[in-house]
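Handing you this structure, nothing more for now.
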């Protein structure tokens, strides 16, 4: 304070500014946070798009489609992330937002791939609309004919979500015609045509998805599926042991530790996340309730169920 | 108390585009302006006169040294109330009329509306702009702007006024009016500090002058003292008698038969002797009054 | 303080004489055309369109005015040397800065007030009623005024040391980036490295958050703005404006006038 009084009339405003301004900005931080929260509440619902016509948005962006595409892309990611965080299994705006993004920038591959994955994925992880995903990827292929991986994305939706093995095989075959395509495309086309859906094929394809993406959400999703498939593989190997136990004792084991005690296993088997497998009343291998691993084939007793949208 | 005290006032400017080189535009100025005097600040263009006034008015800040006006530092509002300032080539808000501008400035001195109206009328009259009261300043000529500037400098009856080149841009009539105004201000007991590069104006008006050149004060004092320092001179006008020749080594100017010879006063009688010896006919002997100009150029030469 | 008032009033007068308020004519035309067109369409969202359009226009016209006048506030006077005579009156340099700010603020207030009246007229013409929800429009206008004041303070700060072109570009840039500041923070959250996230968050808090003043969409849908938000936004604007003006005063108090 005395410094302020003794300073010349020119230095005084500088000292005042240097001392006060950081304090002002520090005070703004908690204020900003409160304001953000309330502004978010005021938004006319997270699931309302004010302008829904992609063509109109493209016109309004005055030539800066690239930037607008980026901005809409961040909104896609925020939207998806927000829904997952709020444990909301409804994604009504996902398709329109993606539609706008790729209309603004038809070469925005990351958007197509993200859309393909999470439009097709069933709730709670996605919108559960594989036909919309197919539509999106077909647009991607039209706009980016040289990208052979898009055929894989298309084929994979047919294979995994729609279980249409013929269309899946055709897609992989089409993509394999690109001279830059990897050999496995051709292999997949043939294998799917012959065998339909097998765990090996699924594991291979999910590996491809995981290793060819830089999007953390997609990678996480792929790893989740790979863990699920691994669990199914483990279950398949454990099943004969459980059956043997049943033959010996006339009842199903209550836990896999009993198999260890019976000498059928060396140690308690764990799923890819490290949680021990269980056995249910009918002798089926189950996943631990707290395990992040999930599979449509393996029951998970005691786990909370998502609030699913009515079909 | 002196009205202005400057002590080693110095101002450096940084010039040059990339590597800034300091250029000293004012170097150690020390001077004093006393109450109720008219002080002329003389010097060629670029000497640093405007820089000095801007430093006194707190429009720029000194690199070193200090100044006090009416005992207060530059920029002190209580002091600013008591002084007036006319900038060089004044420029005012051209969307206002003369009357509006003066009224605007008058507001800062705390006059109420009625008092402001009176003052605006009175001072517009005093500077000869009464008929242009409602004319927008963007339509003013240079001379008119100058007068307007003078009006705003004195509208609050300041104790001291600082005028930067008050005669510039004025025709002889205008200059005369400004001169009369300055004398009037002096008669009213005020102090006037003005800068100019027109010497004859300074000579007639000023009690004291300061001569500035290249940022340094070359001389300062009362006009008579400075001028008399040049020494008194006399001029002898003579004619040569028939058949006589001009004595050697004389610096004379000749017009027809008459010769004019200027010499220092001290040499007068010796010179007369010489002329007597040459049988010259002395027509007249007069004392020449040296001018400020002589003093000025004398200083410049050193 | 009276000095500040004198300078503020003169700044306002200058804006008016510069025919700045003529933009009201364009706004009036815009509102009239919109009201008539919307009346033809009549698909139940007339109010939505009028409110959205009107408030957006008020905001944008105001932004343009705040920036274009703001960047010249100090620069013009320094350049034209009108400051010479003014600063030798019994005032302090900070009076000049605050006075200029208040003057432009007053101009924006008057301009916005006229526009708001026009908006309500158009709204009444189109919907024939005025409900209580319509008074939320005034809240939105108040937020717009806060936004404009903040923008003015920033343009004024820039005017103290930058030429009008540079100040214009920077002010516009600050407004655009500040409107997307939410997205900047989201971008930070998405990023891989912690230092990038920290950087984005810091930038988010330093930048003026213009998006926070935009409740146009919510008000158009008839939502009520909570009082707490009004207080918070007012405080935020106040803090930021004080910071900007303090900086402007610090810079201007140390400027050697050419």
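Residue numbering begins at 1 within each chain, and the chains themselves are lettered A, B and C in the order written.
Convention: a residue touches a chain if its C-beta (ideal position, glycine included) is under 8 Å from a C-beta of that chain, and two chains touch if they have at least 3 such contacts.
Nothing here was measured: the structure is a model prediction, and the numbers come from that model.
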Original post:
Taking a step as a move to a touching chain, how many steps at least join subunit B to subunit C?
Top reply: 1
**OP:** If we define chain centres by averaging CA atoms, which chain lands farthest from subunit A? Would you check?
**Re:** B
**OP:** Report, in whole Å, the distance between the mean C-alpha point of subunit B and the mean C-alpha point of subunit C.
**Re:** 50
Original post:
Can you give the whole-Å distance between the Cα centres of subunit A and subunit C?
Top reply: 42
Original post:
How many angstrom between the C-alpha centroids of subunit B and subunit A?
Top reply: 85
Subject >> Interface hub residues of subunit A, defined as touching at least two other chains >> reply: 9-10
Subject >> Residue numbers of subunit B (touch at least two other chains) >> reply: 61, 75
**OP:** Indicate the residues of subunit C shared as contacts by at least two other chains.
**Re:** 92, 254
Original post:
Once bound in the complex, which stretches of subunit A touch subunit C?
Top reply: 9-10, 12-14, 16-18, 20-21, 24-25, 27-29, 31-32, 34-36, 38-39, 41-44, 50, 71, 74-75, 77-78, 216
Subject >> subunit C residues touching subunit A - in the complex, by the definition given at the top >> reply: 92, 94, 180, 182-183, 186-187, 190, 192, 204-206, 209, 211-212, 215, 217-218, 220-221, 223, 225-226, 228-229, 232-233, 235-236, 239-240, 242-243, 246-247, 249-250, 253-254
Original post:
Which of the residues in subunit B end up touching subunit C in this complex?
Top reply: 54, 57-61, 75, 77-78, 80-81, 83-85, 87, 89-93, 95, 104-105, 107-110, 149, 152
**OP:** Note which residues of subunit C are touching subunit B in the complex, please.
**Re:** 2-3, 6, 10, 14, 17-18, 80-92, 254, 256-257
